[in-house]
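These are the structures, in structure tokens.
First chain A sits with chain B, and in the next complex the same chain sits with chain C.
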Partner chain A sequence: METEIAGALAEDTILADDLIRQLMSVGEVDLLVGITSPSNAPATSHACRAIEQCFQQRFTRQRAAIVIVCGQDAAGGDASAPASAEPAERDGHSGGALRTVQRVTADFPVPPSPGQALRTLLTAADLLRAKACAMLAPGSSELTPERVASLLQPVFHDKFDFVAPLYTRHKFQGLLARTLLYPMSRALFCSGIRELYSDEWAFSGRLAAACLAQDVWHEESIQARPEAWMAITAIARELRLCQTFLGPKLPPPAGSATDIVEVFRETVGNLFWCMESRRSTWANCQGTDLAQTFGQAQELTSEPSDLDPQRIREMFRNGVAELGSILSSILDPETYAQITSIVECTEGSCRFRPELWVRALYDFASSYHHSVINRDHLVQALVPLYRGMTYSYLMEHSQSTAEEMEAANESLCAEFARQKPYLTEKWNAKLEVKS
Partner chain B sequence: MFPNGGAQALELQKDNLWYKDAVIYQLHVRTFCDSNADGVGDFPGLTQRLDYLQDLGITAIWLLPFFPSPLRDDGYDIADYTSVHSSYGTLGDFKAFLEAAHSRGMRIIIEMVLNHTSDQHPWFKEARSSRDNPKRDWYVWSQTDLRYEGVGIIFVDTETSNWAWDPVSKSYYWHRFFSHQPDLNFDNPEVIEALWEIMKFWLEMGVDGFRFDAVPYLIEREGTPCENLPETHAIIREFRKRLDAAYPGRMLLAEANNWPVNVRAYFGNGDEFHTAFHFPLMPRMFMAVRLEDRKPIIEIFQQTPEIPPTCQWCIFLRNHDELTLEMVTDIERDYMYDEYATDKTMRINRGIRRRLAPMMDNDRRRIELLSGLLMSMPGTPIVYYGDEIGMGDNVYLGDRNGVRTPMQWDGDANAGFSTADPERLYSPVISNAVYGYQAINVAAQTRTDHSLLRWTIALIKLRNSFQVFGRGSIAFLKPANHRVLAYIREFEDEMVLVVNNLSSSAQAVELDVRPFKGFVPIEMFGRNLFPRFGDVPYLLTLGPYQFYWFQLRRI
Partner chain C sequence: MREAILQGLEQAYGNLVHMIADFLPRFLVMLIIIVVGLLVAFLLKYILRVVLNLTRLDRVSEQAGATGILRMANVSSMTALITHSIFWLTWIGFILLGFSILGVASLQGQIARVLQFLPEVFVAILILFVGLVTANFISRTALLAAVNAGYRSARILSWSIRSLIWVLTISMTLEELGVARQTVISAFSIIFGALMFGLALAFGLGGQDLARKALERHLGDAPQKEKEKEPQPL
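On to the complex of A and B.
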């Protein structure tokens, strides 16, 4: 019996003794920033300095701490060793901050997943009774004190519970967010947060506590991308969400090549999972609560794009052809027919119209719900359609201004909202069939 | 350890470094005890109360100015340097007081306001009488108010210029403080000689030291801030040389409200001041307790240079002036105002006119913690009268008079300070429900074993039992818990570990005491043994605002 209890305790214990000892020394804080340590110590050191400068310049009176979540890298070295828990006071005079800025390190035997890292931060936030928290992934040397402050201030000063970033992007960057994640999540959850999926966001202590209490931490979707779930939890609890303009999006860490299938698994798959777990939230909401935006947003720029439309079109055509049987099992027959007709169209006349795109996505979402096929495979099967949509988008907006693209985006959002009853119908109808 | 009892006075007489071990009590004779029922404290009254100060453990008394004066700046506007203001008694009364204090082992430090006089001083009256008067050059005159442009104004709430127009001699005269306080001209050797004669007057009588007021401002030079100039140091060295030659064992204390690195210069090579106030430490002790973070204290010690071995810092929590916020950053000043002076009437110049207990919201634990810091940090502690019983203030009295109210001796009329009609008192006594004399007074606290007064007596007694507090080095331990301030004091074979919880909640702390492996910590108040230091971090838990003093011994 004692062994069982000890085992259960060990399993439920999130924080290592060493981390608890460090947190014990930190005590109650106003601000807590977590960073997941990349595989190079200089980036962690840079991030810590930027965060400390943020505290020293913008939060001079507040009690603040940094939690560095790290693990042994592939080479077996401790990725964050040089940035260990060294309070600012040891560096001598530490600028304008009145208090010590504490650093604590949460060491994992292997690099922790984003979900593990977030859970660690949430647990620390709960123990330290943090009022405002932020999660950052310091993959770039461009993390600045201003960016950190922009995330924290809406929580600390304006009492928001979730702060999503907003970036300046090239007009053809972030298309997945613009054509799928944002409009779909907006229609479903009635929230105007544009960047649900990001490596940097902020949240309140009460949202941290609410999320920590949920039994979701072993879910694969949460392990990979917990941030959207966190935002949707805030929506479900009718907490306050906003977004803050951070400037250009930081480039991804060096060596982290983007695999579109992996990205789809982590984001679209996650969104589908959130729909599954938050069904009552999206089923009952109507309209859009346009989130308050801090900072002067200049979302789109018109620099030249390096995207190759013809290659994307080819990949679309090949993908639909290869996955025909899978797509036909997921999509409504009429939807599938329309998509195959687009595949056959001549170059330049291909248009993935918004109503078709939305309908196809809702077919995928409901099929995900009903587990028509393996969910992982289902999400992968969406990739070719996305390429088709991307090709269509590039063609349509090659000469569009930022305002025109924004108008088109609004139109797409409206289409998602208009067809929401279709989603509901398919979601419920299949359920009846099954039952 | 010091021997106790009557031998103490004799022992101290022999030690020229007595100021290092001293616990100084700061008071104004006017505030302490009125013996003749005129509503103003006097030397006979103060003499009657010396037993109280002896029981408190005080070893030196710093008297605020008691000289004849128009009293437009609490006596810092002196009209006669070698006499006693008639309200406070006579020179004979002072001598009797001095002898009584010495017989109790207490030394007396008096004010030497040398930067300026009152405009009612005969020197200035003569100087302004005509441009040809021999005393004319004893002050700093000008036909224009544009000399020394850019020099800062100290009393920003009342003064707009450092020059004042004298309609008598139709010239401007220089004043760094109030316009009724003309600065003396230290470029004139006659001035230096005259001031030395004044010092000799008091030294011959037996005073043990001088607090030199407003030291940085003695000399003016065009194109400089007119502060801390080399010529000023030369003057100090001259006074010190004469003092050491004729009156060894007497002490000079510098009032230089400046950063430690600048004040360091006033110690010279041990040939200028014996002691100097450590002004920047004081607000940081208050800040650290409110912030619940040791950072301000650690940082100011990092900026505090070594001083010659015969020199000493004087440290304090409160005094007769505002809690000065000159030596803090703008951010720190705003924080101090917001936390300790939310009501703007509590603010004056660049400071806060409040007493210790009200600033601590009358929280006994915080008062004790700050007193513990005062008594255990490097330097000679100065206790401001009344703070040992937690006296309150009256911010509505104007200027800084709210912290200069009569000492509260008992619950009788006028707090036992005077038998005069209440209307006749130089200042109303504190009479509110929390800090009023009926609630806070010496008699009541003497009768109560666990009163603040009895606790303070025990604290000072403990400090006086160990030279390490006055003479020891300091080394900060830096445990991860930044709410805990811990340091080792060491002097010869005495070693003390001080651990302070600056926060309002219980704290655990792990101290790296490996260099002291094998030592046994003995809690000094209760003489209880704690577990021996070993190879692992030493875990302590502390209640809110609790502190420990451990004597470290190899047993």
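On to the complex of A and C.
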């Protein structure tokens, strides 16, 4: 085994010598879990223990390893400490694992990007011939052995190639995923994966090898958010995708709310980039292959929230007014006229109808393809329109039940599918120079 | 008397023939150089257009916002600007070379000065163009950032940034051309200094409350609170 690994490593590899030595001492594995370790070492230790408990309780006979991908944080602290932490105590009730869980640490001089972390895990998975792998980010969710098992089991036992998570969440949280990323990716790539952008997902060794072989790792979109591209690669290769229910999605800790522009860059920019690089995949697919779901379907809760719809509406109105020249160069004249008419409507009567929202998004996607303006600017210019859609959604569904919201979401998905020919037409049209 | 007149006429005729015989070949050489220059300029323009189309320069220019500026000057694309510039520069170079063959002493001095001045004109055009593109790009970046952060009057901020870069670019261009160098530098320093001083006074004295609120907004926890009033996107 060591000779084979050494032979494979004779070729060019991205792995550091120290990591290669650690991997060679591990040998082949069945299960491999990667965790990115931010400066929060306690969270990483907790995650390692949860993963080890999962192996001890659910995969007693399988060979397993954990790869901790970490880097020196800005303060100069090293997050690699968990690798040397005490392993989880064996659970007497489950009988205990028959094999030792190995911990491997991939140290980077600076905190690695998600793309770098994934590439490291894929390379390790390829070397160790792992059958099922998972990528986790401690802190993004309350990591329990059951959650880890829910991600790994569909790959290891049911031979799926990509497993996306499903969560319970507040009905007004995750609106970008529900109004844009999910319906658009479903219409385009014909796959009903709801959480295409998530911090935890699982995949097969086969998919890992296929992704590793692609020359895309230098791309900014992949560096920031590689998971959707991985799912789309699985779709393009006609591999099997599913989703698994993991429980509640944790809200971000107080004082660390996400920057919406950064989220747009990482997700919407990434989706547009995937459309550009996977043109043949979305152009040739029709209908929707609803992905198999393990556990219950997505659950919505409706506790009171402290959202400020008026502030969101104000930002939408201000954004459309101030960005007039940019939006008019991106959008079709008719779409732009309709959006400006919404801006002028009275409070409470503003509705971003699904057909207008879909049309605007397809205009943005085709303008991204034609590089009408700088692509980063183009993605940023979508934020005010999303705020308009959010306001409309909050007003429309303030009293809606989960079933009614699900029905509305299905109708939005259908609208995306109905207007797909419009996107194709705009995409294929020659760039018209606007004066 | 008659003989003297005839001799004078003969001499004048001889001089004329001599001058024509001397001038005509030079004139023909000048015409040949101009025609050859025209052909070379056309050839360069064609080769350059092919190369620039291969490098997709127009797409990059469109992304950077440079094409919008060119359209204001009635130029369709970046490729058109570069190919036309190279064509005219090449041909003008050949035309001047042709004129220098004529050997007109007063013309030669002027031609030498024009030839010396050409690189400076070229650099000045380059500075102007890069400055305008940069102004456009940075002002758009500022506009988008301000709008998405929820600031009012984002366009005024964007316009101010653009104007500032334009002033800087124009003064650099004029300095490169050597036009009233001292005046330009002094004018720029005065305008820039006055602008900054005026803004500092307006912001710090006239708008103390606004300054305090802005600093609190930037350095306090207000941005986080603002973000928390929006739904989590993912």
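Definition applied: the second predicted complex is superposed on the first by the 395 of 435 C-alpha atoms of A that agree within 3 Å, B and C clash if a C-alpha of one lies under 4 Å from a C-alpha of the other, contacts with A are read in each partner's own complex, and residues count from 1 in each chain.
Here is the rule we use: contacts are C-beta pairs under 8 Å (C-beta built on N, C-alpha and C of every residue); 3 or more make two chains touch, one makes a residue touch a chain.
The structure presented is a predicted model; accordingly, all values stated were derived computationally and were not measured.
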>> So in the superposed three-chain picture, is A:P145 touching just chain B, just chain C, both, or none of them (first/second/both/neither)?
In response: neither
>> Under the stated touch criterion, which partner chain does A:L323 make contact with: chain B (first), chain C (second), both, or neither?
In response: second
>> Applying the document's definition of touch, where does A:N374 land relative to chain B and chain C: first, second, both, or neither?
In response: second
>> Quick check for you: in the superposed arrangement, does A:P384 touch first (chain B), second (chain C), both or neither?
In response: second
>> For the three-chain arrangement built by superposition, which of chain B and chain C touches the greater number of chain A residues?
In response: C
> In the superposed arrangement, does A:G27 touch chain B (first), chain C (second), both or neither?
Replying inline: first
> Which of the residues in chain C end up touching chain A in this complex?
Replying inline: 59, 62-65, 67, 71, 76, 137, 140-141, 143-148, 150, 152, 154-155, 221, 224, 226-234
> How about chain A: which of its residues touch chain B in the complex?
Replying inline: 21-22, 24-28, 60-61, 63, 85, 87, 89-90, 92-94, 96-100, 102
> Of all residues in chain B, which touch chain A in the complex?
Replying inline: 287, 291-296, 298-299, 302-303, 329, 331-332, 335, 478-483, 503, 505, 507-510
>> List the residues on chain A that touch chain C in their complex, please.
In response: 172-177, 197-198, 251-252, 254-261, 263-264, 267, 305-308, 311-312, 314-315, 318-319, 322-323, 326, 371-375, 377, 380-381, 383-384, 386-387, 390, 394, 431, 433, 435
